[in-house]
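Structures incoming, each one as structure tokens.
Here come two complexes built around chain A, the first alongside chain B, the second alongside chain C.
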Partner chain A sequence: MTKVLMRGNEAIGAAAIEAGCKYFFGYPITPQSELPEYMARELPKIGGIFLQAESEIAAINMVYGASGAGARVMTSSSSPGISLKQEGISYIAGAELPCLIVNIMRGGPGLGSIQPSQTDYFQATRGGGNGDYRVVVLAPSNIQELVDLVIEGFDIADQYRNPVMILGDGMIGQMMEPVEFKKPKPRDLPKKDWATTGTKGKRKPNIINSLYLEAEELEEHNKKLQAKYQAIKENEVKVESYNIENADVVIAAYGTTARIAKTAISQLEKEGYKVGLIRPITLWPYPYDEFEKINDKCKGILTVEMNTGQMVDDVKIAVKGKYPVHFYGRTGGMVPTPGEIVEKVKEIYGGEI
Partner chain B sequence: MTVVFKKTKGLTDVQTHYCPGCTHGIVHRLVAEALEELGVLDETIGVAPVGCSVLAYNYFNCDMHEAAHGRAPAVATGIKRVRPENFVFTYQGDGDLASIGTAEIVHAAHRGEKISTIFINNAIYGMTGGQMAPTTLVGQKATTAPYGRDEKHCGKPIRIAEMLATIDGAKFVERVTVTSPAHVRKAKKAIKECFQVQLEGKGFGIVEVLSTCPTNWGLTPIEALKWLEDNMIPYYPLGNFKRPEEVE
Partner chain C sequence: MLNDKRLRFIVGHYASGKTEFSINYAIKLVEMGKKVALVDLDVVNLYFRSREKKEFLEKLGIKVIASSVNASAVDIPAISAEVFTPMQDTSYEAVIDVGGDPDGARALGRYKDYIVEGDYDMFYVLNANRPETQTAEKAVEYLRKIEDTARARVTGLINNTHMLKSTTVEDVLKGQEVALEVSKMTNIPIKYISVIEKIAKDLPDNLEGEVFPITLYMREDWMI
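What follows is the complex of A and B.
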């Protein structure tokens, strides 16, 4: 298959259509607007529907209805918009419906900035809406991976009947790279016999719902959800790691910062340093086990993010106190440079921090 | 023996949880009968709100989708866009539709979304225990308006039917009540006509039903019907505000 040069945001749209998504509900916000614009242009051509909702709240609830009616459906937004969608995400998770949600993160809190950031890590991986629920969070670090994860994300959502979030940032959304569209590994996807399609007089009514007024029933429902999340943890962890068996220092980074960390690592290697990388691709479920493979002589872990250290908690859980965990991050739309990371690694090497 | 009245297939055999004398139950029956009589029950997807009718999904004998507080019109939009061939309705209270979900209902109407809305205006928040609604009458007491609604403090009650009738995409708007057999018959007619508008693909339709909440009004069921007629109807006039122009 030939590769085509595509901008991140548009590549998401193309990948979604490739995956059979025909419905998009959204509301404009920078830096992801090229995606709804792409869908507005392309979906009508294939008999699909693009609808610009009056708000993010309405958009996610349209997704909720469309998914309940059995469709492959997606929405996208950026940080403040995702905050508004949290109510709906909680309902969709509670009602166990599949959908794809894209968050092209920008700086926060509040209105923040329109520059790239990774400040919604907590919100994405810990919930954000109410209740004990989880969303599968996929964090691509290049456009090919973005495309692959969007396509596979729909399958993951359908397989587990759960929302899946693509967590990117303004950089991933805006940059252009060549991509090809590949089929994901085939999965045994369950039939959507729960969907509200009209009974046609042939079956009992289907009810899409997340209300359980009896305490015992709600506990049962939560146990069922937790069992599902356990299965996701066992089957869906994705991680890339590099040289962690030999490294003296291991960098933990995802998405855009992982790309930059790779440049820093090759620079450091030229100078004779042994630096490894753990790049979580799924932020939830988190690849905790991968950190077990780090060699015993490792001097420390450096977590690099475009926030003030949100992933540090997960890295600490993963290393169980075996290695010191350091952090380097920039915020406000500032992207860490390879030079800054190199310097920080050298400080760890030199025992300065 | 001729059957004069029987239970509609549009309702399940589940006993409703509504308080004695509450008119939610009557409206459920009318909606269900309309679905059955129009022959669309098997094609219907209903959207239940948050409020006293939150369990409506257990009562209507068709596919149902529960929505977050106020969001039913957005959920219905998602369903209808995916399944334009199905009949889609929302059933919403006045807290749900006229407060938290005003944006959703206004915009669903504005887009001319081909859905139908049954709007229960009982001038109060029933489920949460009688707090003030945007529809609470001036001077009417509620738990969060213990001295009576003061229009200088929180404005006058909102008239949804009149407001939505100004929107082009809304093709059918009528206000009814169910306080007497004659009113019940009129309400049923309005609901059927409203549903017909969707079935003919004309656009959005809404029936506002003035309804009682004896429990939170602190009245007996009979007193509640009278209070509605004496106090609500003068402020919320009954009648049709809009129907599609007859096209020959």
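What follows is the complex of A and C.
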């Protein structure tokens, strides 16, 4: 297929339809509203259903229902809307239902602003709902990767019967770039024999539920969930790294910020600085092991984010105190420039190349 | 450019490249010594609007008119009353950057009294690399819908078929074929072929429409 130019939000919709998603439940919010608009226009054409719910809470519970019935289904929102969905996400994780949730992040806290941010890192990776559950969090850095991860995200969700979240900042939703739609590497997906599709009198009813009346049973259920999360940690980590074997400073960044960091790195290289990059593509499971490959002479790690340093905790866990961990971030919808990152790296160098 | 009418409305499909064209067009006019106003009528987009370049453009001497609410992150369709200035003051050469799709063109209805046949140009920006305007039929459908909502006729086509910084001559020529087909179907001439500077010189010189080299002002260094 030839490349076309698409805006991030539209590309998510096109990718989801390509992946066989036929149901979308959501509620509009800037800066992701082009996605429900796209689905409202395109899903009826393929016999699917777009439904604008009365609220984000209703939308996520519609996802619960559709997924319980075995459908490929998704919802999307932006930061404050994703906050509203947390209860439903916990229920979905508890009931072991696959679905795709898209968060195109905007400035916070509260209503914040409509401009790009990465301030929902904690919420996405630690869970904003109750209980010991995990959501697979994918953080694309360009629109092609966004498309690829949306398509693969549905498969990951089905394989593990778990919600998968696409975590993009407002730039990812709004930016236009060339994309093409490729088939993901095939996965051996389990049959959805747990779905509530009607017994036709031939089997016992399937029950979709997250409530357990016996403590022992709930503990068993939690053990099962933990075993699943362990398998995801072993199989699904995605990371891109650059020059960490030789770098004096390694930048850790994801999403749009990683793009800006790459531009800063090429500027620094022209001046003789040796700077590497670790770009987590999965924020959960986090690519802790990648940091083990950083060379011993590295002077420090610079985490760059559009927040006040939420990923710093994971970077510190990863480097185990071996290197100092620095931070540079902008908030409120401000996007860091390559020049600002260049200055910060030079500061860590302390005036010596 | 100087033969274009004083009021130039730039319309087109969502994300077809209206804003980049508008900014470049306004800058060329001011370089010719004209008194220029750039009106950002975009109430559809929230990112990448010409108002983000207000300071830069005003330094060049262009009057930038946008929302009546002075904040970059405004999510409400508030249009400044000042938009009437270049409509009424005929000493201005005006470039009016209209929001994408028929939805964006709706904002033009308010200025119906000033959109008088023969006194304005309305340029339809066409990017054949956008999925919804890849064929002439689809592009004409959009064009007609925009005309209906705007209550005004398109007077010229702009072939702005691109792939951002990696645009090739083939992209432009592919778009030119679609634009020619649209031109045939609608009887509207191709006025400009808007193309990034580095490939402008490689285009064949027998193309319909004036080659209009542009600089991408809305794309940051780190964007492709």
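One rule holds in what follows: the second predicted complex is superposed on the first by the 350 of 353 C-alpha atoms of A that agree within 3 Å, B and C clash if a C-alpha of one lies under 4 Å from a C-alpha of the other, contacts with A are read in each partner's own complex, and residues count from 1 in each chain.
Keep in mind that, in the parts below, a residue touches a chain if its C-beta (ideal position, glycine included) is under 8 Å from a C-beta of that chain, and two chains touch if they have at least 3 such contacts.
Keep in mind that this is a model prediction, so the values were computed, not measured.
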Contacts of A:P31 with chain B and chain C, given as first, second, both or neither: second
Partner chain in contact with A:Y254 - chain B first, chain C second, else both or neither: neither
Touched partner set for A:L211, first chain B, second chain C, both or neither: first
Which of chain B and chain C A:W284 touches, first, second, both or neither: neither
More chain A residues in contact [chain B versus chain C]: B
Touched partner set for A:M176, first chain B, second chain C, both or neither: second
Partner chain(s) touched by A:S113 [first = chain B, second = chain C, both, neither]: second
Contacts of A:K262 with chain B and chain C, given as first, second, both or neither: second
Chain A partner contacts - residues on chain B that touch it in the complex: 12, 41-45, 47, 54-55, 57-58, 60-68, 71, 74-83, 86-87, 103-104, 106-107
Sites on chain C touched by chain A in the complex: 14-15, 46-48, 72-73, 75, 127, 129-131, 134, 162-164, 166, 220-224
Chain B partner contacts - residues on chain A that touch it in the complex: 23, 25, 49, 51, 53-55, 57-59, 61-71, 73, 87-88, 91, 95, 196-201, 205-211
List of chain A residues in touch with chain C within their complex: 3-7, 14, 30-31, 107, 113-116, 142, 170-171, 174-178, 259-260, 262-263, 333, 335, 337-338
